[in-house]
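A, B, C and D are the chain letters, set down in written order, and residue numbers restart from 1 in every chain.
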Amino acid sequence: MKQRISILADLRIKIGNETFDNPIWVASGTFGYGTEAPDLVDVNRLGAIVTKSITRQPREGNPPPRIVETPSGMINSIGLANIGVERYIREMLPIYENLSTKIIMNIAGTDIQEYVEIMKMVESVSSVIVGYEINISCPNVKKGGMEFGVDCDMTAKLTAKLRNITERLLIMKLSPNVSDIVSIGMSAQESGADAVSAINTVVGMSINANTGESNIHTTYGGLSGPAIKPVGLAMVHKLYQDLSIPIIGIGGIVNREDVVEFMMAGSVAVQIGTANFRNPGISEDILDTLEIFLEETHRAAATELIGAVKTHS
Amino acid sequence: MIIERAYIKSNREVANNIWEMHFEAPQIASEYSGSGQFINILVMNAWNHPLRRPMSIASVVKGNISIIYKIFGEVTQLLSEKKVGDEAELMGPLGNTFSNWKNGTYPILVGGGVGLAPILNLKNECDTHHVKYDIIIGARSGDEHFMDHEPEKNIILSTDDGTIGVKGTVMVPLEKMAKENENPYLFACGPEPMLEAVRNFALSNHIPAQLAVESYMGCGVGLCQGCVIHRQNGEIGRHSYHEKYSLVCLDGPIYEAKDIHFG
Amino acid sequence: MKQRISILADLRIKIGNETFDNPIWVASGTFGYGTEAPDLVDVNRLGAIVTKSITRQPREGNPPPRIVETPSGMINSIGLANIGVERYIREMLPIYENLSTKIIMNIAGTDIQEYVEIMKMVESVSSVIVGYEINISCPNVKKGGMEFGVDCDMTAKLTAKLRNITERLLIMKLSPNVSDIVSIGMSAQESGADAVSAINTVVGMSINANTGESNIHTTYGGLSGPAIKPVGLAMVHKLYQDLSIPIIGIGGIVNREDVVEFMMAGSVAVQIGTANFRNPGISEDILDTLEIFLEETHRAAATELIGAVKTHS
Amino acid sequence: MIIERAYIKSNREVANNIWEMHFEAPQIASEYSGSGQFINILVMNAWNHPLRRPMSIASVVKGNISIIYKIFGEVTQLLSEKKVGDEAELMGPLGNTFSNWKNGTYPILVGGGVGLAPILNLKNECDTHHVKYDIIIGARSGDEHFMDHEPEKNIILSTDDGTIGVKGTVMVPLEKMAKENENPYLFACGPEPMLEAVRNFALSNHIPAQLAVESYMGCGVGLCQGCVIHRQNGEIGRHSYHEKYSLVCLDGPIYEAKDIHFG
């Protein structure tokens, strides 16, 4: 565990009625259930943990090979392997009671009914979850997932249904694999989402030239990592121009400059994804250096960065 | 499990395209629990290769760790260009270990290609514990070998082209030696076709076998769910919460041959 | 100029009635008009040169900064700076008469009328152009460009109009910034395109964390280079599943493995883009090593690679 | 214009964060046509930085080329880690040159920051051709200077903090010297604010000036259209086929101050 350095700048950020200690979160599916790497990271320093997508039933996930590296990135097709909502409630929620970090539960489903059922089950038992991130953008499952995220009407319908069930934070996680992310974001906003997060992975493929084989069992997978950072920045900035709800920025963030850029593009907070695989403690390092950056640039609060990019035109 | 900046103490080509590197990594060495474990190496700060590279531990001696690696792509190429005194960032020790080799059975160690590291490590552990064993090392050709063929010491080399030792795959001497010894227990590491052959031989002859498997790893610590291998039955693994697959980074890389299959 | 090595494998590929010496082409906007770097490349060795997008009137292009590097890629917002069709006809076509390489003219417009007018002007004067690549996917201009490429109906209408004007190759260049590239490709096919090329650049953004400024004057630009290779491969492979016309693969190709992967995903030929900026002669190098690859892997013809990827599912 | 693999003959830090490197690059040296030209450097084979990095030529002596560079980001960092005997791939010589400095006018050379390289190069050319000149070098602080303040030899240093030479920007000595000499001709290279100040001074005092400008370059050879600078009037540039913009890589990097503006 690392020593917290003296803080001058105010790192807190707010979404809906929820205040987070800092804007450095970890992204769903890249940090397990938050309990996997206790030696390497003090999870209580994180602004929030977004847990791995949970489905109604446990899922085995896709056959191997599931991941492959690409230039400055990686492709994954895990296929939403997860323990299912019942084990999540039974085994994970009690652990979260003892963490001081805020937990956001990520939910995935194949139809509206599945999302609703999962959320109702959690609502009925626990208050430890501060909010939900709704995965409508997973490229690696046959049914559901991205189908929602590319369709305004389905996004609106799903958001409205879930809004009826919970008063906790409702964050819709958007797909970059669309012609117009802003219209999807608008649908979420108008149907009551507290925030949107963007982006999930970009559909990609990888082939081994020597063997001729696809490097991913399901042929297509989701591209993540620094390679997609420019895509994430553009989408966050576009959303920021038109939406009034907060945006949580995701995509290839590996250091404090990346965080600053995503916040300047319009993010109120960010999620670290692929970078956790190199170093599960990287978010703590980024947090430390972000504090230094704010002090050095004489900013009193992290919130000063939000949307602060100076465009030329 | 630790992340440690480690000094490179040596780096040399021991056979054609096969390299050996020693690190000074006292923290990881102190947590090390046996042959089969691996480290996850970060060679450069740049992010063009976001992922670390898993490498089996070949030896641990007084705070020093060694690996044996083959140049496959850009990262192992960069590794080979490292000089004594340079640093690398190691995460480890990771994974489980070979087991049951000092419990009265007769270990037959089988290594192929770069699957040498954990097997050499186990060999040394056997030597230290005065456990008798046979060892068979296979390669395509003689220039990939850096040990001597010494049948009298139970060290058997094989080559596909017959340039050194026994001509053919490791299966030729293995089948012979498994029959000659009582209570044989196979310990194998190498390319997947070799492991599959060893597994088939072991299962059909009811000989116990442990395989050190490889899989493409994202994190090495259970975060990414990327490194799965097919389970044969539902009874292995604390960490792998699914029936069909096992996480190699946590519940492997060493498996009983009967517990997994290669898809 | 480099010596041509002895050839065993047949590198020729065919699109419509046109046979190309080899599948290694250079991409529009990354090789100027084909005449810029005579010291560094023997253009006659290229399978084809796709020239910079030409508009009806000359265009100044966008103000600087126009480009910036990103992880394993770059963003550009040149804004279709070009000399206009009249100078193209007057100054470039005569030069092309003396090249043995095939020239594909890339055309961009803000409405159907502009595309039609440009093509008619060229049709009426020259036979040196073997075909047209129609840019319906430029992310860097206010009007036109990508508008077409994200809309099936507009793609169909434009393709049909142009098909009426020319019997030369008609290649529609597709945008990756869409929810469903296959439906756009199908529209092009059904309206008479001889081929599609994919992909153009991916919309991206870059910010200087220290100054807070956008690194691109127009805020958004087009991401290219190795970072987008997985995206290009996925889109080519998807198109290959459903289309019957040839696909020309583009996106982050920098070496022979990349070419092989794009061909295995379903490309009949490929275009080298960003890599030319590092080395204008890179296509020649790639061609040499591709020949060696084919020989080493005992393939008699480059066409054996097309669509040869082995998928698991 | 050539692409040449060049041996690194020296690489050392000459002032705080400012480095000098010598290459053996006989082919590029033989095509070199004068100060102002630049090379486009490829430091590594990996593609995480797809683009080369442009660097002004600081000297050309018998097949050897030198550059002076500042560590800004990853690539210049990597450059600084190169050892004697390593290689880099150079493309060049690129761009145009300073002109009219030996035509009877009195050159006043002005360099700031890393904008030193072409100015030092021009200084040496003036020395070789026995052309008399003044030279003014600016920096933020003394530790960024690697020359001596020698007013008696017309070598004037300035620092923002006054630690060496004249306190203030280069404009202070420049305005004085421009007035003291007859037929002054300014030659400047440095950060954009400095160039803008020199340009304004030159235009309002009707003194001719040549500026070595920088812009973000994709290719260095006219392929990408990325490197444009704003034109002041429509009369410059063979290669830049537009009125509003000029391609710095082909028609620059040296421009008459009156021909361009900084947007």
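In the analysis below, a residue touches a chain if its C-beta (ideal position, glycine included) is under 8 Å from a C-beta of that chain, and two chains touch if they have at least 3 such contacts.
Note that the coordinates shown come from a computational prediction; the quantities given were computed from them, not determined experimentally.
A.B. asks: Where centres are the averaged C-alpha coordinates, which chain has the largest centre distance to chain D?
C.D. replies: Farthest from chain D by mean C-alpha position: B.
A.B. asks: Quick one: chain B and chain C, Cα centre-to-centre, how many Å?
C.D. replies: 46
A.B. asks: Cα centroid separation between chain C and chain D, in whole Å?
C.D. replies: 36
A.B. asks: Going through chain B residue by residue, note those that touch at least 2 other chains and give them in order.
C.D. replies: Each of 47-48 in chain B touches at least two other chains.
A.B. asks: Specify, in ascending order, the residues of chain A that touch 2 or more different other chains.
C.D. replies: Touching at least two other chains: 63, 71-73, 225-226.
A.B. asks: How would one label the connectivity among the chains shown: line, ring, star, complete, or other?
C.D. replies: It is complete, because no pair of chains fails to touch.
A.B. asks: Once bound in the complex, which stretches of chain B touch chain A?
C.D. replies: 1-3, 42, 47-52, 91, 215-219, 221-230, 241-245, 263
A.B. asks: Which stretch or stretches of chain C touch chain D in the complex?
C.D. replies: It comes out as residues 29-32, 36-37, 39-40, 52, 58, 60-61, 63-69, 71-74, 76, 78, 81, 83, 87, 225-226, 254, 274-281.
A.B. asks: Considering the complex alone, what residue numbers of chain A touch chain D?
C.D. replies: Within the complex, chain A touches chain D at residues 71-72.
A.B. asks: Using the touch definition from the top, list the residues of chain D that touch chain B in their complex.
C.D. replies: Those residues of chain D that touch chain B are 46-48, 74.
A.B. asks: Which of the residues in chain A come into contact with chain C in the complex?
C.D. replies: 63, 70-73, 75, 150, 177-180, 202-207, 209-214, 217-220, 223, 225-231, 233-234, 237-238, 252, 256-258, 260-261, 264-265, 293, 308-313
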